[in-house]
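Next come two complexes built around chain A: one with chain B, the other with chain C.
What follows is the complex of A and B.
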């Protein structure tokens, strides 16, 4: 504070002359104010009346008369200038005996020096304001800083200098083109193409960039959240209206080949225990979209790769090569590398397909190469164009598709053994997601099925020959009409939740830009459209028939032609302006583009009991290049656009895990957690220690990450000690399990690595393994870093857990839901048998708070003690116990470090060295964070730690706090078996920055 | 702008004894003036003048002193200045007096006046100088002060420190 003040003052006084005394030589200071050598002040002086003005002249005369050529004196009073402003006497000037006389030259020198000092003070302004700011208001003019001539003459020179200075400070931007040239379409396109080389842009990027906070993630530029306040509005849109998201960044992998071969290859990567696989009947026929978890081949339940959704192309043409099928696997970009590698390995696809000659289906390769090579070509062209003033320059084209990929990098691979072709269709299609009950209305309003081409005239001229071909075939036409009828019927259905999950509908639509409304409005469902009750019921019961799922979007050649033959916005607008009646419907006739699309139903909330089907909607797949043409019409029908954050909110309300944050057992999830921890730590360190929570005192060991590995290991060791105490009483088969807990782990060295660097208690053999593993490839290391961690995804087990979790009041009907299975009781035997299969497992749970409290990520899930539960049963509004404050063992260390630092700095300054950083040996302590290895995480606080929350917020649907997270399976079974049946499933939540525990009910949702 | 209005008295310390300059310090001068005011105007005068009174600038080589006081009572200070006849420091007493050159409202005007005044002094000195060597030296300093003015302009342009101006 005072320092800043001083600095400000110093800046102000920079050019002011300082006092000059004869002692200032050894005071070595700019002023002698602090010079303590002054004797007694002259106290009593006799009043001597001498008229000053008369004396002045006299004194001058004496000065003049007293000039004696005295060399000594001249040197002694040599005047030197200080560097800044003032001036001072040379060291010789401090000689105690003063000469009797002064010479004229000394006198003149002194005057000259003073003049210069004064001049400096007068001419240099010391304030921070600009010159024109010093002018009184009535003399100020508009644009003074821009135009010097608006200033009064006397100030122009100074202002000019000032302006030059600011120009220097300003960031130089490329001035080779003027603003107008830069904004011209062609140059802008070039610039856009250049800017999206590093991070891919979606087709809606410009639209998003104007309205969203953009982030660079996963190699894309994505809109994170709208710049307007819209958290609640987006929730409402998901619940009551329609929310639109551009999820074109999702990657698509295409597998082509014989059905049996593909199934055989992929069946090793998934397990029937986690749900339906690729071979599910509905999915295999192409009727529905399926979703599943992929694992490394034959590694289930470990080495999880990530969740994917997939669609099979329906077997429509019976005449085609028998059994040759097409499969699209859609996945999150963070999972792409791993899954692509694994699928390639599983299908034995090693041969990259470079060019068109290999297979006809790799039509996308030349296209991509074209798009890749297009850029440098265009650059050359434009350079030449600039020279010869645009004679035969071909127009710069907007590049669609993946621009970041290397041109020579293959994107499809074939296998000679199995005949499967794997290709990467990333960015080849647009995928928009519509969420909410009004998505039907938005879709049916915005899209109109393409007109069937009937006329025979001018068939050659139109570029849409594929559609004309199709229209010649009566079967195709009838199919198109059926698809259209079903699509129209959708408009009358009030909510997508009524439709069977994962329904697929193929469609060919006309150009949606043609019937764009004048103004944005909200599309509402039209109940008249579903008058035909019988057919609607059939649709709702069975979904879309298999034939109707056919779409031309599966055909790469047609997609390419559709992309290339798009009428540009400019042409369309020109045609519109040439209409005879302004504002009337534009009729293009056969010229109108026909776009094949695929509608995929997205199931909403499928787990839990309440709000089933919440957040369901439709995904629209479009060929590339048509992104904006569909985007704007959707928005004009009342869809609200959300970004990544809204996607997170959606998954949270759906209670589904968010990719990749909620997959701690897959490499992408681990990477994500590390990144998140780094960001949060950085943010935390930016605050001063007094203004941030001291997590050590709050008893929060890991406020920025969830140490899953250590958590499960701690619980395992706890269980073991308990088990050993139990063994004496019940010699059972579980003895082997608990006793040999270390055995299988030592046998599988890959899994024994530490979860993170800060983990302390590792057996020696693990450490040696760790060193031995240091040189292996990173992928393996990442998997190994999970430390044998896995997340329980076996549906049977989850169902059982779910029934155990509920309070006994619900126990009467929970078994009814799964009648066929022998519902086991929660006994020690069953627990141990489960634990033997999953020694270190996590369970995905959802928590809802009983009373107050809003959980946040990294909130700790703890086990309530008996007293807590007793207190709660006595007082219904008991809000929860409090953690007592912990002591900070690092404080003294930190102080010591600080002191040492200070001492070192002092010695350094004494030695006159520039302060070198000697803190190499010490790891930097951060005040308020646990440094060094973490102690036992489970028993660090007064309540046992069970798990962590990964997503949590106040739920607008429930009206209370809601959280999702993982708990240790061992711990969960432990508390479930301990708690009485009535209070089963009660846990405590404590946010990292609070001491207050809150009660919450735990539920495992299947 | 709301501010305290001051008066700045630009004075020159004149003394026959060059050693007087040795003892010219702002503390000494401050005490001296305050004492003189007390002597001349009594307790009221001392109190009235003590608010805002300060020695803003002082040059022992030329004997130039810049005193600041509040505008309301500057006449009390001004009228007390002729009563300073001795400068006492470290037990030495030197007879001297203060000669008021200028009374200004801002430091800036005083500085401007001082430039003018010093120029005039140098010119007078140059005209009255009979000795050739002396004359040369004086001319040198005159030209330097003029040159400096130009340099000032350049310095400001470059915006860097004024090392070039630091002549020997």
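What follows is the complex of A and C.
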């Protein structure tokens, strides 16, 4: 009998009472003798005419039966089976004869045992479902789960018990408040203010929380992705329509002071080699937004701090002391601490300022502050007491701005030496990002420039005194009209990609809630406006003139007044309801709020040849408190909302690095990688070993992290040994050939083959520095080694690499940029000179797959061998080579560990609770993961490892797999110099859980 | 237009790839109607042909009639646009007619400076474009 069949039967019989399975006829007379314990009649009733082995088994079973019911059942069913088989075959036929007599007492006892077992089986619920779930469908009723009386009578008792059990598991609501009291506005506000103390909420939080999967990240509660299935829809919105994102969690640092002083302080933190700096002419005038990488002062190219964008406030001809400028630096919240400290150090700003305009909390009205500080007390006091409180205190207000910050903590620092004031404007503004070609239509439909006061209404008191002041000045009014004209012109431009990158436009708009449409619709560009006239042409060419970038949002006092004097939604709706003609336009006249905003153009994809301008759009800066008032109008104009995940997709299709995941050389990036590795390892360990990939066998050393430090070190040592071997093997020819530049390239391939052949046989030199398990430890190791690691961001070098990467010749019709004067040939000397400057460096590359395959994060980028390339050139549809399966050196160790564990458990169960905890000497092995120090990562597999992918997926824009990642500069130069010009830039990709390599083309985009 | 090009031509002479990076911007274009087809060189020829055919065929059957379609081609894609239009005509047994218009499209090239002291430059270059109207006629 087959093993599987037996097992199946055992499973079937598991819940049966043990004695039901046997026909006790013949054995009954015998059983009298055995029947001692009375617990297990089945075993005792076995016929003696059984074979020897069965008897042995039986004795074993009886021996263990008390302790091990599982074994018991197994063997009993086995016995039954044998019996059955015997009956069929017939050699044991005698056992099936009817008994001659029955002893009444034993027979009754046996039946009684059967009945009791049956009863037990009936009453006991084996599944873990609720009672009402076990009912057939036609007997189910609505609300059965919380109303017991809807269940049939016979089940009510059990259901009652279950309901009580779940009540205990439920979260405790505050006992002193009923549902209605909790939902009352005042209490809800209190509750909301309490809940956002630890993790800040954006102003659109409640809107997001209803529609998004929320995550707590970077001290904020952020929407990760919509709950509706919308991956593709969001992509379409980015390409053809408009995608809206709330990125108010980005931090803003403000620097005020003399222009020269600021530039002098900041120039040490960036390098001209990585691109334009704070001093770029068009950025300095305030006309454009700039972006750059910040480093620790004078540490370039090491000690990266992170990427930032910045805008200067334009200098207006009249106003302000000469030379005093304002600069906003926008950065990701993970980078904030480091960059703020560094900027403070660079500007020598040490003196905290307590009471300036920049301190947001001091500006709150005292009542608000009271409600904020009095919060903990109020929570404790009883209901009645709070009512007393409420009489002299105003109702609790929503608190805007940074709620996590301590009220006494300074957020503004000045320096006596340089006169620079650094302040932290985090959460002082909202920032919304609109991506896609329809963002112009959405903006122009939703926002209307503020109406200019004519001066007659000045007699009545309006809270918008700043706007009235502005309207008195004819210059300001004309400027406002010019800004309005430019803004209206945007509606006639079909794509933001046509506008100069980083254009800034300031504007003052009216309340967007006033002209909210009745229904949501999709705003489309108006063909009427799309007249190709001279003014549009000028806008496209010259961009927005410098004066028009001015906005009142730079003025803290005005922003504060705008935030405070916002008409609440409730009042607005009341006014609307009081209109004479329902549904007509609400006219507030001078009472209408005027909101200063700033529009910043975001360039889309600027690098590379294809999909130019993809993902471009506008960022809208608003004063705090106005978030929802702008959010809903945008959505009503047909914008689709995306979360963090959509942001990731956007950056991937734009082929720009994602913050902070794609900055392995900055502290935030290292921290992020560490967290990611921990999460992935936990997730991996949650699965049973048979249901998860065995990464050791797949030859993946680090499936959850990228050991950059070790990778670059390995390549460095390879390069050194190779250089030595070059010199040793053919000193004469090498020296002679190196002049024409052709020699090394020809000689090199032989060397690779030789190397890759002998390398795996070498004893793996364990890196003594690198200790710990493959899951989380290497990241820390990388942290230690970060001193030597850097990412190449020098534009000149990147351009050179970019020109080397592409196939330099071939039948392709793609017009290639002619190599300029600065370009050099790829020779050994140039490589060496580059490597001497960047010994351990990584290069940001983008990869597109040739045929099949969709890469994922942590995919390995490998070097193809000569045979692979040959194979590919012969067969155009060659998918790629396969990695052979590796052996698992940890298997025996793991088995031993397991055995030991089992033994210990056995002894423990015998001796009681003596040896519970495992011996401390052993580190816990995880099956399927490399434990202990990693061997040389580059040569662990059959193809040399070049780097890792950090973002990768099937690209809906390209229609094939697309990946972004880092490769070792040494390795890249090595393969580029080896590969023939026609196939240059071909690499292999292998995901961590697969053995299949796929071909991809590498490109460095600047 | 020509006078605009003159000073920029002079600027072109002093351009240095070390000091500037070329960034091409998207051509200015009008909002797309449903019967506008912009031909490109990346999409498969057959797919683009089928798309045009479908637009025209839907007109004869359903309510969303496209009695005429416009095929636009710019630069290198002019050839392909003409090819598509002629293929459509050839496959229609005389029920389709074509009418071509040519035009010049201004393209904007932005030159991003590599040094802080320079302003970004704008270069205007012209490219030819074709707009083919493919329309139904009642065969006589």
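Annotations
Quick note on the criterion: the second predicted complex is superposed on the first by the 712 of 1006 C-alpha atoms of A that agree within 3 Å, B and C clash if a C-alpha of one lies under 4 Å from a C-alpha of the other, contacts with A are read in each partner's own complex, and residues count from 1 in each chain.
Quick note on the criterion: contacts are C-beta pairs under 8 Å (C-beta built on N, C-alpha and C of every residue); 3 or more make two chains touch, one makes a residue touch a chain.
Predicted, not measured: the structure shown is a model, and the values here were computed from it.
Shared-chain residue A:280: touches chain C; no touch with chain B.
By the touch criterion defined above, A:577 reaches neither chain B nor chain C.
Looking at the shared chain after the overlay, A:541 reaches chain C, while chain B stays out of its contact range.
Of the two partner chains, chain C is the only one touched by A:613; chain B is not. Once the two complexes are overlaid on the shared chain, A:116 sits against chain B while remaining clear of chain C.
In the superposed pair of complexes, A:165 makes contact with chain B only, with no contact to chain C. Between chain B and chain C, more residues of chain A are touched by B.
When both complexes are overlaid on chain A, the residue A:107 reaches chain B alone and has no touch with chain C. Taken together, the chain B residues at the contact with chain A in this complex read 12, 14, 16, 18-19, 21-22, 24-28, 30-32, 35-36, 39-40, 55, 57-62, 64, 81-91, 93, 95, 97-100, 107-108, 111-112, 114-115, 118-119, 121-122, 124-126, 128-129, 131, 133-134, 137-138, 141-142, 144-145, 148-149, 152-153, 156-157, 159, 161-163, 165-168. Listing the residues of chain A that touch chain C in their complex gives 272, 275-277, 279-282, 493-495, 497-498, 500-501, 524-527, 530, 532, 536-537, 540-542, 606, 610, 612-613, 795-796, 817, 820-822, 1006.
Considering their complex, residues 16-18, 21-32, 42, 106, 108, 110, 113-120, 122, 124 of chain C touch chain A. Per the touch definition, chain A reaches chain B in the complex via residues 16-23, 31-33, 35, 37-53, 55-56, 59-60, 62, 64, 67, 69, 77-85, 89, 98-116, 118-124, 157-158, 161, 164-165.
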